[in-house]
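Both of the next two complexes hold chain A, though its partner changes from chain B to chain C.
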Partner chain A sequence: MRPILLQGHERSLTQIKYNREGDLLFSCSKDVLINVWFSTNGERLGTYDGHNGTVWTIDVDFESRFLISGSADNTMKLWNVQTGKCLFTWEFPTAVKRVAFSENGDQVVCVTEQRMGHQGAIRIFDIDRSSDGTNQSTEAVNVFHPIGSKATVVTFAHKPSLILTGHESGKIALFSAETGEEVETNQKAHMETITDLQLSPDRSYFITSSKDKTARLHETATLRVLKTYATETPLNSAAIAPLRPYVLLGGGQEAMNVTTTSARQGKFETRFWHKIFEEEVGRVRGHFGPINTLAVHPSGKSYASGGEDGFVRVHHFDDSYFKTRPYGEFEPDP
Partner chain B sequence: MATETAVKTSWADDVEDELFPSKPQETVDENGVRTIVEYYKNDDGKTVTKKIKRVLQKVVVNHTVAERKQWAKFGAEKGNKAGPDRATTTIGEAVSLKLSAGNKTNEQAEDTPEQQLKLSMQKSKIVCRICQGDHFTAKCPYKDSLGGLTGADTPAEVDVPSAGEAAAPTSIGGKYVPPSMRAGAGRGAGESMFRGGGNRDDLPTLRVTNVSEDTSDNDLRDLFSRFGRVARVYIGRDRDTGVGKGYAFVSFEDKAVAERAMQKVHGMGYDNLILNCQWSQPREARAP
Partner chain C sequence: EDAAEESNVSAELLALRKRLVDEWNAWRAQVKREARGQKEEEATEEIS
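== the complex of A and B ==
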């Protein structure tokens, strides 16, 4: 397959996200820019300008009407996807590391950093979807400070009343959105910080990637560990592929170790693991730096990866990807 | 009288340069693939052929997706025309995703050093000195039967058997062996000082070959002890893995016992292999 290279960022990518239909791909980076692209041909649709610091995270609602972004300039911004206009800005004492829309777009949850006397916090806001969206409340519906290790990733779980979090200690927890209490927790889900958390299409299970070189599949309702994928490099991102039973893992050495190893260019790889059999089945190389973020098209027919090198590579799978049965007769029926 | 020097001209210069059409040609395949071929001269004056294939793809999508395709560009893209901008969007080199079960052999399968060695061996012509097969002399399967090429003693003549470490007879007829390294060179003096009386060089020793890999010391000891007392068993092993190399030296206390053992064991089946048993060669040189 021939990947499409999207060169819209000058610094490393922090997150990429497909919208619900998959025709738009959003990317954000340390270079304060947010870009949106048409995923079929890589054509850039526009940019969202306004942040003054690294944009750590973005999310798009189910209608592709609103975009939410969190940045190191201590703000969270709501944007109109179509026009690129910033509709509302929330300000916080510390940087926003992760944002997520709820399934129906009525709420957003964000994680703010722990720094200089301010505790790490998880905040939930209502989003007023009527009219043009500029009328938002600055007050959070709920703010809670998880005790212990700070949260690194967050998303709404299988029910809108539950928040799913991943922590620096490797802990995973389910919080009630109303009360802020921990409903369920798995302290030993990972040994080190959790770098990414992505839900399955139906939200009944999710994948987490961690610096402890493993990625794990968990059941959302119970936080039971379903599968473990052990690699030899710290992982920055993991995604579940629809349609075919694979998961994608991406990581790589820390940027500072890169020059000490072989000078082969483009050697950073996205790894494909079989979701059920927990074995690596393939790799796609091409990035010139560690892969920071992965996203799979909702149809399962293409995927994109964003790297430390500032490139987003969009890959449309060949026929062979859909036809190959690496495990022969043991494969689950399509 | 002025001599005229003929000016040499090359016939090629006379030939018309512009043999190709300078207008781009378009053709349409039966599959609807449009091919546009253009020829032009680049800066170096060289002709360049440019072929562009365009395939029109029709995709049926959700109506919201179709609507979004019509959106005006904004932000840094404001005012730009439809279609990808080459500054931001390029096609990368082809990469392949080969899906296969098992593991990390999806990157270039790194041959183990053995495999690499084997490959390089297969290319160079290796001839065994004993049977002229394409293996090393040391690995010759006919070492025992045809191996009596040593210029020095044959196994039967050796009265002072010694437990040599090397399985391969080191001096094959024709190669110079320094006196200090020849059989019976009197180096026993050094040995006996180290060991006092009765060192292993004095013991009647049999060389057993075609021993299976997982035969152990004790197995051989048990096998040979029915003939008499076994003083020593040495199994040749790979230095790194400890896997048996297929040969062993069994030293007895009594020569007659060794003789009898040899008669009985030679050709005997043991662990699915037929053992060879003979007197061990006189001790050759150790590596200097």
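== the complex of A and C ==
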């Protein structure tokens, strides 16, 4: 499983995302750039240039037509995936920390940061897909301010009428997209900040990662905890693998007093855990700093990690990954 | 004796894993049934 190294960012990665087909991989970084790569060979296809601050977050729609991005420059931008042209810019009082398209691409949800007299906000925008994409409304169809702990991650839930959030306190919640009312909450989903949230393909369950060193699997409809994966390091990202019953966890703490023994290979690892048995099954080394973001190819054939070291590493699974049955014939449904 | 103990432990572990997989599969089946029910409900609403 020789990885492909994507070298095109000068600072740490903040989020990576595959498109639905998995042929493209999008990456954003503190260096204010967004890049798009061919996931099979790592060739850079293009760049989306226009933000003036850290790009915290990206998402691509179901037909790989529009890309949405959120930045520390207090803007959210809509891009034409193919041409790289910025189609529309929304401006806010604070940084945009997380963006997500709805399943059919007709809406976007975003979280803006709580800062200096500004409440943290969740906004939902309609996306006009009828023309070239430049005809968007600056007005949100709904804005709401979660009370209590601020939201760090957000996405559309199993129904487009529900917004799923993860918070600084470790809480997860479901909000009505229409009224902004909190309809379901799990205050103790984690003990510390939730750093990532990724849904299963059918959105019926999701995984969260947290600074509390655990990742958890939850049922979307009830927010009930299904599984817990307890590691010994703060986690920045977690992803669900299709095809095999595994989840991928990434994180790590910058060690202060590490003596450099071998500089050839970074020691920061992506951890593979059995989704059902809550046992670690393997690790993949490579990064020279904490892993900030993970994404699994939608077909389950490869995965990518983005690090504090500024690199994206794409790993294509070899045959043994698919053939090995470390737990015998116990094969859970996806 | 050690070998007997070991095989006991693994038998327990195997039983646990089987239970975990059964529980998971039962939950997945329930989720899928509910999703189908929801779709039928929505289709009925659209017709009426």
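FYI, the second predicted complex is superposed on the first by the 316 of 334 C-alpha atoms of A that agree within 3 Å, B and C clash if a C-alpha of one lies under 4 Å from a C-alpha of the other, contacts with A are read in each partner's own complex, and residues count from 1 in each chain.
As a convention for this text, contacts are C-beta pairs under 8 Å (C-beta built on N, C-alpha and C of every residue); 3 or more make two chains touch, one makes a residue touch a chain.
Because the structure is a prediction, the values reported are computed rather than measured.
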Legend entry - Partner chain(s) touched by A:327 [first = chain B, second = chain C, both, neither]: both
Legend entry - Partner chain(s) touched by A:46 [first = chain B, second = chain C, both, neither]: first
Inset, instruction - Once the structures are superposed on A, label A:6 by its partner contacts, choosing first (chain B), second (chain C), both or neither. - result: first
Inset, instruction - Report for A:243: first if it touches chain B alone, second if chain C alone, otherwise both or neither. - result: neither
Inset, instruction - Please name the chain, chain B or chain C, that touches the greater number of residues in chain A. - result: B
Inset, instruction - Name the contact category of A:162: first (chain B only), second (chain C only), both, or neither. - result: neither
Legend entry - Contacts of A:204 with chain B and chain C, given as first, second, both or neither: second
Inset, instruction - Look at A:276 in the shared chain and tell me whether it touches chain B only, chain C only, both, or neither; answer first, second, both or neither. - result: second
Inset, instruction - Using the superposition on A, tell me which residues of chain A are in contact with chain B and, in the other complex, with chain C. - result: 277, 327-328
Legend entry - Partner chain A, residues of chain C touching it in the complex: 14, 17-18, 20-21, 24-25, 27-29, 31, 35
Inset, instruction - Write out the stretch or stretches of chain A touching chain B in their complex. - result: 1-8, 21, 23-24, 33, 37-38, 40-49, 64, 82-84, 272, 274, 277, 279-286, 313, 315, 317-318, 320-321, 324, 326-328
Inset, instruction - Under the touch definition given earlier, write down the residues of chain A that touch chain C in their complex. - result: 202, 204-205, 219, 226, 276-277, 327-328, 330-334
Legend entry - Residue ranges of chain B in contact with chain A within the complex: 59, 61-62, 64-65, 68-69, 71, 73-78, 82-85, 87-104, 106-107
